[in-house]
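First chain written, first letter: the chains are A, B, C, D, E, F, G and H, and each begins at residue 1.
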Amino acid sequence: MTDLPRTADLGFAKLDVDRAARTGTPEVVFAGGKTPPETVGCLAGLVDAGAPLAWATRVDEPTAAAVRQRWPDAHVDPVARVAWVGTPPPPVGEVLVLTAGTSDGAVAAEVAATLAASGVGCRRVDDVGVAGVHRVLAVAPDLAAADAVVVVAGMDGALPSVVAGLTDRLVVAVPTSVGYGAAFEGLAALLTMLTACAPGVLVVNIDNGFGAGVAAARIVRSAQR
Amino acid sequence: MTDLPRTADLGFAKLDVDRAARTGTPEVVFAGGKTPPETVGCLAGLVDAGAPLAWATRVDEPTAAAVRQRWPDAHVDPVARVAWVGTPPPPVGEVLVLTAGTSDGAVAAEVAATLAASGVGCRRVDDVGVAGVHRVLAVAPDLAAADAVVVVAGMDGALPSVVAGLTDRLVVAVPTSVGYGAAFEGLAALLTMLTACAPGVLVVNIDNGFGAGVAAARIVRSAQR
Amino acid sequence: MTDLPRTADLGFAKLDVDRAARTGTPEVVFAGGKTPPETVGCLAGLVDAGAPLAWATRVDEPTAAAVRQRWPDAHVDPVARVAWVGTPPPPVGEVLVLTAGTSDGAVAAEVAATLAASGVGCRRVDDVGVAGVHRVLAVAPDLAAADAVVVVAGMDGALPSVVAGLTDRLVVAVPTSVGYGAAFEGLAALLTMLTACAPGVLVVNIDNGFGAGVAAARIVRSAQR
Amino acid sequence: MTDLPRTADLGFAKLDVDRAARTGTPEVVFAGGKTPPETVGCLAGLVDAGAPLAWATRVDEPTAAAVRQRWPDAHVDPVARVAWVGTPPPPVGEVLVLTAGTSDGAVAAEVAATLAASGVGCRRVDDVGVAGVHRVLAVAPDLAAADAVVVVAGMDGALPSVVAGLTDRLVVAVPTSVGYGAAFEGLAALLTMLTACAPGVLVVNIDNGFGAGVAAARIVRSAQR
Amino acid sequence: MTDLPRTADLGFAKLDVDRAARTGTPEVVFAGGKTPPETVGCLAGLVDAGAPLAWATRVDEPTAAAVRQRWPDAHVDPVARVAWVGTPPPPVGEVLVLTAGTSDGAVAAEVAATLAASGVGCRRVDDVGVAGVHRVLAVAPDLAAADAVVVVAGMDGALPSVVAGLTDRLVVAVPTSVGYGAAFEGLAALLTMLTACAPGVLVVNIDNGFGAGVAAARIVRSAQR
Amino acid sequence: MTDLPRTADLGFAKLDVDRAARTGTPEVVFAGGKTPPETVGCLAGLVDAGAPLAWATRVDEPTAAAVRQRWPDAHVDPVARVAWVGTPPPPVGEVLVLTAGTSDGAVAAEVAATLAASGVGCRRVDDVGVAGVHRVLAVAPDLAAADAVVVVAGMDGALPSVVAGLTDRLVVAVPTSVGYGAAFEGLAALLTMLTACAPGVLVVNIDNGFGAGVAAARIVRSAQR
Amino acid sequence: MTDLPRTADLGFAKLDVDRAARTGTPEVVFAGGKTPPETVGCLAGLVDAGAPLAWATRVDEPTAAAVRQRWPDAHVDPVARVAWVGTPPPPVGEVLVLTAGTSDGAVAAEVAATLAASGVGCRRVDDVGVAGVHRVLAVAPDLAAADAVVVVAGMDGALPSVVAGLTDRLVVAVPTSVGYGAAFEGLAALLTMLTACAPGVLVVNIDNGFGAGVAAARIVRSAQR
Amino acid sequence: MTDLPRTADLGFAKLDVDRAARTGTPEVVFAGGKTPPETVGCLAGLVDAGAPLAWATRVDEPTAAAVRQRWPDAHVDPVARVAWVGTPPPPVGEVLVLTAGTSDGAVAAEVAATLAASGVGCRRVDDVGVAGVHRVLAVAPDLAAADAVVVVAGMDGALPSVVAGLTDRLVVAVPTSVGYGAAFEGLAALLTMLTACAPGVLVVNIDNGFGAGVAAARIVRSAQR
């Protein structure tokens, strides 16, 4: 097997430097469970390998500080917990990002940052949960204008079911860990979304704004092909 | 303690013959896990103790046959799996019973039968799930006319959240075991309803149309007091 | 659709200012997962939209301080973790609130605060758990005087089953996260209440004193209609 | 190690023939998951090894038939699903066995059969669930007369909590799989009993009447020592 | 609200006849939990309302027979458990459907039938599980030719993670209930897919070939817009 | 009902002052979830009502300090997290308390403190887990000398199964939360003990040394009757 | 990539014909979820591709009949549910297979059949559960003679913990679904084995005798290298 | 029983000083849940009993400090959380330790430290997760050179399935708690590994690097016998 993709071997990490070519998204550093030096090391490895954008998620305060110290002009979004070095591509298309409540905002911010880093446009409309369903109905024009829809909801996670019945766009559903008791850290919303009575809903992991953003970007790029 | 409520002792069962006086609902026989002779025996004990209506739930085919053999004029509802001997009181008030889908019909039938046996009026509107949310909006006049609302839903169980945002009536939510996979025999709908983002939703056990009916009857009687 | 309910759009939140008219309870701010400025902003939005009572739950210490700084005469209940700006309506009716143990007190306080904010009377009797069942029997006169009953219990959650067999009032059961081990943060009590052998028990989410209070208020108002 | 207990080796089974001497209860054959010939073979092995009583639990119809064919005078209790060959010792002491409902009868029958086989007296009082709590209070004289108490309950499993608050006898709690939905095949009752707010409750596996009977027999024998 | 979508009211069902116009997919009858007459009635209602294709999923043998009796030229796929009356639109685009093993075939058949009914092209490659990872690598040309990819896998559910690292197409992952023990009826595969280490994976409910097909069709149509 | 047991009503708590007479164990204050003043208040109420020993469990550091401040000669065991005011009765009988590992020591200490407060003798043998099964065999003389056995074990929870096969004493099994990963905070040990292949094992809640101690004391007192 | 392993493409299956060369074990057909013709087709494909032994697991009665019809001299073990065509290699080494109880026999039979098909020797000792721990101690000579040990146990699953403390051989633990109630279809035994207090225990899926056998064969072959 | 293994009795612990002779691995101190003095006491007891290497796992910072204070030349690995006193035997054989991601490094370090203490050689290759499956293929030469393979992976836990299809070495799979949401603290990876579609995978508890190391050492020693 002579033509395996290239790997940048840092010892503690093997960077998959051809991943952007293969999948449209570069290897992105998951900072959860890594020390700040490990995350900075991975980002530096990607920069050294020529990545136009070296990018990390789940960036906590100490890691953000370490990134800024190494690259003073790095972009850090403390709400989304995302950091990057370099310049994202200019945005194409538009993804509509809805939240059920204000408390879901941090996850929606991760979706938005992921779209920005991916060079995809984003429009956010917040706090349109089904307890006041007229707020959902009011986003009909936004749905019609979007290439794809991401719906972020905790607690009962009921919003994607309603949205998917209103549009022919693909609905990417993100359950969040907002809630308490029988919300079970997002499990209730996750199950709701998996069993949505409206088809056209696809689900990512709890609080996984990054995965939702990457998926939505793939849809937009698919539409641009 | 000289004034304990009376009990009719059948040996294998102790009938709580004063329960209607205490709680508004007589002891109702749960036929699940009982043999047909045991269920018939309990009903006979209640009849002998002077109950105006002797009543059983979770009545399967063999039990229904045994009941009909003993009391040819017994009322048996095979969809609701309810049977009774005697005549229910004339209905007062009105409870609105909604289902999310046609498959939830058997549980809604148990709600309706329970209301009938309790002497409470019932109006059913079926198949108004949130995938076509306009169907929910169309029941607004029915909501305004009801004393209480029972919402029966399986799969994502999202309907009570939407309904509770549209009305000031108490919403009794009944999760059903309709669905598959991550519906986990009604667990998904149960968690959704417990974490409903709209307040005013109260929940009963999965497929427990009887409990929902008794509770709704208490609300109606409370309003009549 | 020309007659959608009004929404006060704060950008990060869309306040459902007609909710009190639709459902009898105004939109109440869930402060869990919100920053203190976000909660204060939502309350201010409700005040600006003319709400007679702007109200938040799950208010922690920093949020309470921010509320008090903005509205020095705000009402803050640190045990119930509830805060409001404005004056609740005078109370009508009476809801009996029982606890199984002293440790359930904070949740019962949230029920009581919710009833107060809703303009409904409340009578609390604490620490009547079934390990000394005579304490339950002693509340019989209180049950007869109430419009509805709220039962708050952790650990085994057995109290609602006993209470519902003693009264014809609707019993709203609130499982709490009091306990350890197989209590599983309130799951044991939740399952107990959902499977209560006495009908007439309706259940809310674990530790959800707010939901129980809103539901009980709906019952009282239904009885007043 | 020269003095290991004796074993009767049947190839597919190794009978622990000294277990009665060590533990007070002989090895009892668990017929669940065994073919009828395997169960008969184990019983025959015990008889051959001189056991005064060879005994099996979870005996289904085909196994019962095979036992009767081999030993026409065998004792078979189809409700308890217990069979034995030989004669139990005469009973000493008394264990009170309570059930919450008639549907719990089969498990209580297994408790009673186990006590009979163990030579311990048994008194059953059925259907004293907490929905009519006066039925529980009425057993106070029975509690005072017993050496130990076994409480069998499904659904909410609340009965042991109440009983343990009324007596100084040890309460052995047996959750049953009676119920549906959130009863989760006995899990709800199991958790309730494990978290009973009254101390003095000890718990066995769901539907494990055999284990409860053996334990109660140990208590009685302990009191006789 | 004057312009609500139209509903065909059958009493036991309310058909959402404008759903195809809103969402691109007509209301499809979920035959699970419905009697054969109910399913036939729903299909007839859709035909009467002018639907070009009236379509049902989870069609068991008795329901299939009832459909064929009413419409002798109905299309019935017994492996996919799908039936329809009418003619699907001609296919556009291409979705690649992969299975990890032969036992996943029935779910993949439901995906394929859903795509056919939706007028979208489908290419299936079966049995390319990761235990022989070279089989996955061999589908690289198929990945490059597809508009979207659906991956169907039970047991460990590991295939989507590998595929998503090889392509820039969106990967719709369908966990199946194939397996035993710790597969927990598809739960293991579901969790694997939700936590896939490669982004670009979106997940549907266990065994939900219909939902995956509808979602993939939306992606293809999005690319065609 | 004129002869209900007496209650000392503190407002926030109702002390069940006749519980010792009814059950052999006085009401014991569960300090978990109570503030230090609440626990001190309950203890004071019990002292005022004439209890010979006022007793609390789950006593953390601040509560212990508050108890010592109020009653300088109170007994406080920081390992067992138990505190009492007054003098326990002299010990009778002997309970053997075994631990599987040193990490289970705190729970065993709660068992021992409970026995001491109950006036029952206690002998502890620690660290006899089944990984070195000869350590278990070596306790045979201790088993023969005991009135009852309490076995405390975390991780796999296998020790009670082995012990119950070696003795005719009742075995009270206490699962602990020692372990990690699939130990699931004691759930693994709990399930092991509930499914013990040796009969004669009864189980209490995870980490519930108090419950095990009260139960063992009941057995000893039963043997003394 | 020019040197990918060969695949025999049957359309509905892709046989990994080089797997024996890569992994020491050929591709084995999992008959669960396959129709009898599919299983026969896979076996025929393997025979045609020159496999010395074509082999299937989870073979039910209809599949066994179909295999025998196609290859009258096929080996079928109905207890182990294993079938093969061809001749296994002569056995080398020895694996000791222990069961905790007779009811675990079918899973042990699958282990034994897998070892036979793999050309590895097997010695079975059945029914040595820890309730009579002397039976375990008696197998010490067998442990010393074995290359590896497989322990099969349901219910509490405690046997591997004891065995691993007695030997320096690797212990492969197989939880079985034998038991009821809190055994949760093998989950209790699985958790016990994963948390075994003795190291040297490795675990396979519930009832996975095949996986245990393959693993044990790898160990033996590793020792032979 | 005259020849029981020796035990060093410290009161709070009973050290199993012959365990190395029996099982090849000495008793190793699990520092989790022990105080620093307890851990130091156990290590000292082992040193006093003549153990060539006294060894502890799950050593946190305070315990590490206490160990270093007592034995200044003790070996402490803060990443692996392992400490030992004495000198390990020289290494024989080689175990290949793979990680799916950099965040799995701490668990892999515990595997490596365990192998070092056991006198077994170790080769680590990190960050070869299946999202870039070419990185896995690149380790083929390492697989061929190893006596056994340990695979450490969190999130989807898919790596062992792929590796086991590439080698005839035994694969010891270690799920880690790396991940969030539906990773459920390692449960997702655990289930994936238990249901791996490739045989030859054996599983240890979540984050149990110690158990994996001991098992791999047993395999190597078995191959050396």
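The definition used in the following text is that a contact is a pair of C-beta atoms (placed from the backbone, for glycine too) under 8 Å apart; a residue touches a chain by one contact, two chains touch by 3 or more.
Each chain and its UniProt protein: A, B, C, D, E, F, G, H = Nickel pincer cofactor biosynthesis protein LarB.
What you see is a predicted model, and the numbers here were worked out from it, not measured in a lab.
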item	value
Which listed pair, E-G, A-E or F-H, duplicates the contacts of D-F in over half of its pairs	A-E
Most remote chain, CA-based centroid, reference being chain F	E
Chain A-chain D separation of Cα centroids, rounded to whole Å	56
Gap in Å, rounded to a whole number, between the CA centres of chain D and chain C	44
Where chain A and chain C are represented by their mean Cα positions, the distance between them in whole Å	35
Contacts with 2+ other chains: residues of chain C	1, 4, 16, 19, 101, 131-132, 137, 164-166, 179, 181-183, 190, 194-195, 198, 205-206
Residue ranges of chain B in contact with chain C within the complex	16, 19, 22-25, 28, 147-148, 164-170, 172, 190, 194-195, 198-206, 210-211, 214-215, 218-219, 221-223, 225
Residue ranges of chain G touching chain E (in the complex, touch as defined)	1, 4-5, 7, 11-14, 16, 19, 27, 30, 32-34, 38, 42, 58, 175, 177, 185-186, 190, 205-208
Residues on chain D engaged by chain B in the complex (per definition of touch)	101-105, 126-128, 131-132, 134-135, 137-138, 154, 178-183
Residue ranges of chain H in contact with chain E within the complex	100-101, 129-133, 136-137, 155-158, 161-162, 164-166, 179, 181-184, 187-198
